[in-house]
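Chain IDs A, B, C, D, E and F follow the sequence of writing; residue 1 opens each chain.
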Amino acid sequence: MKVLTFGEVMLRLKTPEHLKILQADTFEANYGGAEANVAVSLATLGDDVSYVTKVPEHQVGQAAVNEIRRFGVDTSRVLRGGGRVGIYYFEKGTNIRPTSVVYDRAYSAIAMAKAEEFDWEKLLDGADLFYFSGITPAISTEIEKALENALALCREKKIRVVCDLNYRGKMWSTKDAQRVMRRLMAYVDVCIANDEDFESSLGIPAYDGDMSRGIEQIESYKEGMLEIQKQFPNCKAVASVLRNLYTVEDGDWMGIYLKNGKFYESPVHKVHSFEAVGAGDAFGAGLIHAMLHDFEPQKAIDFAISASVLKLMIQHDANVASETEIEQIMKQGGTNLQR
Amino acid sequence: MKVLTFGEVMLRLKTPEHLKILQADTFEANYGGAEANVAVSLATLGDDVSYVTKVPEHQVGQAAVNEIRRFGVDTSRVLRGGGRVGIYYFEKGTNIRPTSVVYDRAYSAIAMAKAEEFDWEKLLDGADLFYFSGITPAISTEIEKALENALALCREKKIRVVCDLNYRGKMWSTKDAQRVMRRLMAYVDVCIANDEDFESSLGIPAYDGDMSRGIEQIESYKEGMLEIQKQFPNCKAVASVLRNLYTVEDGDWMGIYLKNGKFYESPVHKVHSFEAVGAGDAFGAGLIHAMLHDFEPQKAIDFAISASVLKLMIQHDANVASETEIEQIMKQGGTNLQR
Amino acid sequence: MKVLTFGEVMLRLKTPEHLKILQADTFEANYGGAEANVAVSLATLGDDVSYVTKVPEHQVGQAAVNEIRRFGVDTSRVLRGGGRVGIYYFEKGTNIRPTSVVYDRAYSAIAMAKAEEFDWEKLLDGADLFYFSGITPAISTEIEKALENALALCREKKIRVVCDLNYRGKMWSTKDAQRVMRRLMAYVDVCIANDEDFESSLGIPAYDGDMSRGIEQIESYKEGMLEIQKQFPNCKAVASVLRNLYTVEDGDWMGIYLKNGKFYESPVHKVHSFEAVGAGDAFGAGLIHAMLHDFEPQKAIDFAISASVLKLMIQHDANVASETEIEQIMKQGGTNLQR
Amino acid sequence: MKVLTFGEVMLRLKTPEHLKILQADTFEANYGGAEANVAVSLATLGDDVSYVTKVPEHQVGQAAVNEIRRFGVDTSRVLRGGGRVGIYYFEKGTNIRPTSVVYDRAYSAIAMAKAEEFDWEKLLDGADLFYFSGITPAISTEIEKALENALALCREKKIRVVCDLNYRGKMWSTKDAQRVMRRLMAYVDVCIANDEDFESSLGIPAYDGDMSRGIEQIESYKEGMLEIQKQFPNCKAVASVLRNLYTVEDGDWMGIYLKNGKFYESPVHKVHSFEAVGAGDAFGAGLIHAMLHDFEPQKAIDFAISASVLKLMIQHDANVASETEIEQIMKQGGTNLQR
Amino acid sequence: MKVLTFGEVMLRLKTPEHLKILQADTFEANYGGAEANVAVSLATLGDDVSYVTKVPEHQVGQAAVNEIRRFGVDTSRVLRGGGRVGIYYFEKGTNIRPTSVVYDRAYSAIAMAKAEEFDWEKLLDGADLFYFSGITPAISTEIEKALENALALCREKKIRVVCDLNYRGKMWSTKDAQRVMRRLMAYVDVCIANDEDFESSLGIPAYDGDMSRGIEQIESYKEGMLEIQKQFPNCKAVASVLRNLYTVEDGDWMGIYLKNGKFYESPVHKVHSFEAVGAGDAFGAGLIHAMLHDFEPQKAIDFAISASVLKLMIQHDANVASETEIEQIMKQGGTNLQR
Amino acid sequence: MKVLTFGEVMLRLKTPEHLKILQADTFEANYGGAEANVAVSLATLGDDVSYVTKVPEHQVGQAAVNEIRRFGVDTSRVLRGGGRVGIYYFEKGTNIRPTSVVYDRAYSAIAMAKAEEFDWEKLLDGADLFYFSGITPAISTEIEKALENALALCREKKIRVVCDLNYRGKMWSTKDAQRVMRRLMAYVDVCIANDEDFESSLGIPAYDGDMSRGIEQIESYKEGMLEIQKQFPNCKAVASVLRNLYTVEDGDWMGIYLKNGKFYESPVHKVHSFEAVGAGDAFGAGLIHAMLHDFEPQKAIDFAISASVLKLMIQHDANVASETEIEQIMKQGGTNLQR
């Protein structure tokens, strides 16, 4: 079973020790992006996974590829060519101080690529499952086209498609997102929708925006999930992460999984997170891993949410925890300790 | 509206990662001091601010000046000459382990300066507001004199004076502090008094020394604030920070502001602090910024306490958070999260 | 009063900032081991203490010795010779992510030493108290023999013996541990038994293995402590640390001390730990310090548990907090703050 | 005497310890650019200097401004607005391994600015000397226009103009450079031309491109310098740095200064450089400092080359050596040691 | 054309900034080994290369694999199982201070492996060229057997064999080395012999041990190379690096290549090295790359020695310079600079 | 044979990577001083050595003691009490850029101590050799007295005295130095005099101050050495280091030793130093080690100069090279390489 993921990889420049950018004279450099993170996490779990993106031919582009390859992802399908490596400056918040990000992602190699550069016959060769997030079509209209070409071929080849809606307000309006994502949902077999994604990406209400009480809104989440399946009948399963967030680090996290008309709920995990980035991608990778190995739905959602909350304790963008480590969290079932 | 602050800048040598000094072989170097911190914070908020101190002519003295100048403070009025840069070794505690400081501040350039070196006609030129903390007159009797000369000129020129009482038991006795500070209070328009300052600096009871229940003592605080105005009729407003501290990091913080005979109370902010140094100075800067921009008293105290608690999440001595960032905390109104 | 401790010192290679070993390209290097940690802590408290181990003659062996000597331990009795310095790779967990350790300690100089290399007449010369943990006899059968030789001489010379049972499942089976430790207990004057040690090292039930409710099991702990004294009449006192652990960092800690037929209980300290390694060794050192200075039993257990919980806030393996700092924690009596 | 410099400031991301970008997971962050470097160096020398550029309004833009302000440059005239902060990734070579740079400077705030955003009446207010390098007009045609507007006003206001030709092959062709720079030379009072600049920027032959024997070509350099004055009669003085480079670090450096029809030559300095970036800017700043203080021509060239070679021993882009330190090098007169 | 290399990968723990191990409290961690280095270098040059070793199943073993995989080497053939990851502590010397290494490599996973664990039919599947160094058979007699099995299969399958004699006195005696290496030479198509290897590994005199005048001994080197071909007629080519070393960093380097009865000599490169480890492996990889791409013998030796001397300027064990970067050095032809 | 050394220990705050203090935001912290360095070096060589100084009772004072104790020096005779730990800020130069030091050593604990605090009967108990440098009497007149008391008791007890004249122009005038040092020389058995020490400390001409040609002045050095013995007949031997310094790092070093009326000269060592601090102290320690172990005079001077030049390659103030490592340099006899 081979997975292919498609998206942008960026350089993250993080200030050390919560320093403000104004105070920093070094940056920790790490490369990530939703689809790269999912790929790294799957490879770490032992799955066979390829990643498609486009990076410039210079050393910074190569460093991005190497970081992903290091964890076992096949990067032989990555395209090379003009443009930059997108950057985001990352200032980790704490407690009442929000995390602050300065994006500098415009004009990247992938953003400047043409749809026809992506030869999906070759790129999808051997793939059994295709993953993308809602960030990918927001990169450019050419990439939106490239993605749709990929999805069309997936349908043809009966390659399963998993999509994490992942709405990003800094990249496009809800109007544009809905126009595109609703069209692409026609190709999606399994959909991950969190928080504002329901409304912003699909126009389906589910969550009122109050981050401190996501879990209390479980019923409207479920309605939203059912509505997704109703509007997009191709979509066989929907998964969501629900959170009550109390501070930048403190929160309660749970997952729900709608499959075969039934809801599966994970325990609630009470966490004090160390690094919030990539928890959603870890969830997606956990879910795909469960799909590849035919976990029962209850185990699937338990595993996916365990992967997600364990990621909160791991630095950088991608979840490099092993299956054993995730299973240990799963066994704790929402309690915080084992030995 | 131009502000002038006057005091000592010290080199802070901090061990990395909570190491004890016994374990450290590097120190993080940072320059700060109450009045320097207030100046940096005001400059960051966009206000026009100068800082007066005296530093030696060598590179370490210049480095102190540069660190302050970097954030936009006018340092053209700083004096140069003999003596050292005072130092404090800083070992950050955590949870039940208290923060430990070794002071090595004697014989600094400012401590060895003569009162007449400070030509206040020039130094105060163009100033609309003068700020000092109770640390400044504790440096030496010459600096006490220099300060009183400045204050006398402020009165003459109708320059507003803000004083943070800031009692430091390691620098002088309560007896000395009261003798001096009570005299200087005659010049003060707005007074900031926290915790032990009421008693130690002015001999006015307000707080029983139990750090875990400062907020519960709000009534005696209010009495102390009223008593300040009674004893020092020149003092048009008094502000205080009240805290319940539970561990080195955990606490509840609120501000009160007495102005025009009325008390204004901020919400209580529940925090887990990252770096406790300079929160009082951030409060003072927040209050001065409010004065400079004629905030309503309620907004003034809300802004000042928001600046103070946000500083708890920022490294080094000075608050380099922007007005937008502080306003965000203010909007949260004591809850811990926004997005 | 001179103390001798005997055991293995290892190199700890710790990833910075909770990085997984997979992510790290530097390691923080520190040298420690139960008996070395006890020695360093005693020396820091001002006691006269020697440490016996065996290290290779190369620089890494010398670096281990130097790190211990640096804090005032007499290392002139350390043996030199073939074998390696044992290593443990240390990945500090946080919250729900457990700390992860990769042991690489086989074939160390001490593990490959012969019993007869240890000339106890010389090594114990002048000693009034001998300390070892249950880790030492688990190193090898030769070291087990060497230790028993030492203990026999202690009995002869009326040197008091303190043993921390310290069961390590990665080093030997409970069956082996019980066989050996029950035999060695005949020489022990004061025994420290925590958590699983009762059962694993001595076959005496006391604790059900639920880390979240150790304190609730205080009665069965007490029964276990009494049973130790019953089965090993030579053992004049037994001490234990009881813990409720909620996350990797959060927990409640208390100590009990059985002496002269009476139980002495410390207050419960609520902690959020920064570095969990070596808290048991800090407890042991605190207890020995109390013995050397004839603290009353209540003060002894209060001091020992205060040393232990303060260690939780200090980096590296050994407690380098001063007596004054520990007494401050003791004065707080389980509350979390002083000033 | 007030100086104004105009150009782009970039973020330099440097790998530590000669690591290849492929090997690095941190970058040292520093902000610089030819005109910013000249400004910082002049401010360090005690001169009154302002810097004009445009940066985005976010924290990275502010950090660039702060770094320059820190050393005493007036940054109050800096424009803010859309676009990025340009970046260059910097991999320091050594010996036979060349330094490697990856440019990511397109689409910066200044590159996207319009000529009319620069209100030169205000920006040049009070200025006595204006400095730019050949990099500035290469940024964009709008910036070329903005620069020409500035130069026209300088002529009108009799503000002296210093230009470092500074040809950059990665930014424009020699054809474009010559077209523009020859036009701008009409406004230039003092011109700095090094190495390939003669040919590439002005089409005047002087140097054959063999880096190992620049000094041997002194006669053709002199002819080139005379030719510049001949072709651009407005140009009252020309200065050049001549180098024999043997490895990435080893070389011989000297300066020549043509003024009032006479050549002034500095001694040859034999150096092993530590950080080659910014040596030309240090030369320029040294020369301007000499102009501002009316140094004799011989002293001017000696001071400028001393500043330049001392910069080779100083990290980051700008020369932060003091006048005293430069004079010490000057006194050594090309020998390598003093005490 | 696919290459397979076979050997041990070790963890290098390097003190920062030339610190002695006695002074260090951090280590830089890097993974390498002769055959791993050759593989990484070939992958960086764009060649298809697999690496065979055995590592333990824990995270440290995985980290070693990941570091190699990161640069594009296929690590899917690596064995997992019991034993440690071998370590060498590395203290970089400078000038007259020699580099100091403490080996801790015994009992590694590969050293404890059985010959039969290596299924060469599978491991060599698809390979066109097999590389090993003289370090591999020195690991253990089982690995010696495993290696001979591999070589026998190579002969059968007509897979070309390249061997770098690489004598290591700390691993075996010259007697043992000669006994084994002379036997294995029967399988070798291309042999790399440097310095003492001639004598120590094969008993053939070539070099008198005076490191300061290797190049002067070129004639006896040539005789040694001819003698190798005479004694081992299967060996179609022999390559050597000759060096005059003047200090830890300073030296002259050249390569000779004996092929088809003719000697090809590279220019002499004068270098001041930054990191001496792995220069021989870089030479080997350069030579293999030349073989894979059918470079003319003169170009082959020029490329190989250029790779080797460029590696001297690159941190860590493996040469991660690109083909372009190596060609640049080759173009300089022994001079030290280009642009 | 037991050695006692007496002097001041200071905290060295060094900027990383040649950064100017103006650029640094961390300092590397190390503790040293001439007599502490000699003690550490002797302990590293296996000699029995105690160190006497006075440090404050706080953690910084203790850290200084621990750093010395770490390397095996007996620090049980160190006094504790009021005052600071003196500091020197250290900016390492390179090539033509001189090393720059900012001293902040006034008011240290030892500088403020009274002569009578030093109970020499106890402090010198068991000592066979006493070492001090000319820095010690320059600290204060009280310390000058304390030192003279020590020397008088040495004479009485026939404890050999070694003095390194070590003139420091920043501490006292040549006039004061000569007055004091000439008096103290009456007690000295072996004198080390370098460079300006002859003239500045004793008023004896030997060296013309030209650092680039110290070795050329060997004859006037010899005359100076003879003159010392003539003027101070108690002085049985004189040793000197002669240097030709070419840059901050490059130089030629040799030693001369005058004993029993005969001169012994070491080979000249050509070096490129890494850390120049403490080379003189390493020389002194080498010479004392030679005295303790009755080396022949030729071996003594060869060993001492080898220790000195090897120290140039070792970080921090003290020579922590082993006897074996120094002997290796000695064997090279001025050539730069061994293996």
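Criterion: a contact is a pair of C-beta atoms (placed from the backbone, for glycine too) under 8 Å apart; a residue touches a chain by one contact, two chains touch by 3 or more.
None of these values were measured; they are calculated from a predicted model.
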Chains contacting each of subunit A and subunit E, listed by label: C, D
Chain of greatest Cα-centre distance to subunit F: A
Listed pair (A-C, A-E or B-D) duplicating the B-C contact set, over half by residue number: A-C
Gap in Å, rounded to a whole number, between the CA centres of subunit F and subunit C: 42
CA centroid of subunit A to CA centroid of subunit D, Å: 46
Rounded Å distance, subunit C centre to subunit D centre (Cα mean): 63
Residue list for subunit E, restricted to those that touch at least two other chains: 20, 22, 25, 66, 71, 100
Pairwise touch network: line, ring, star, complete, or other: other
Pairs of chains found to touch, sorted by chain label: A-B, A-C, A-D, A-E, B-C, B-D, B-F, C-E, C-F, D-E, D-F, E-F
Contacting residues of subunit D [partner subunit F, same complex]: 71, 269, 271-274, 309-310, 312-316, 320-321, 325, 328-329, 332, 335-339
Residues of subunit D that touch subunit B when the two form their complex: 66-67, 69-72
Interfacial residue positions of subunit B with respect to subunit F in the complex: 13, 20-22, 24-30, 58-60, 62-63, 66, 84-85, 87, 89, 91, 100, 102, 104, 106-107
Subunit D-facing residues of subunit F, complex: 17-20, 22-23, 93-98, 100, 211-212, 245-248, 250
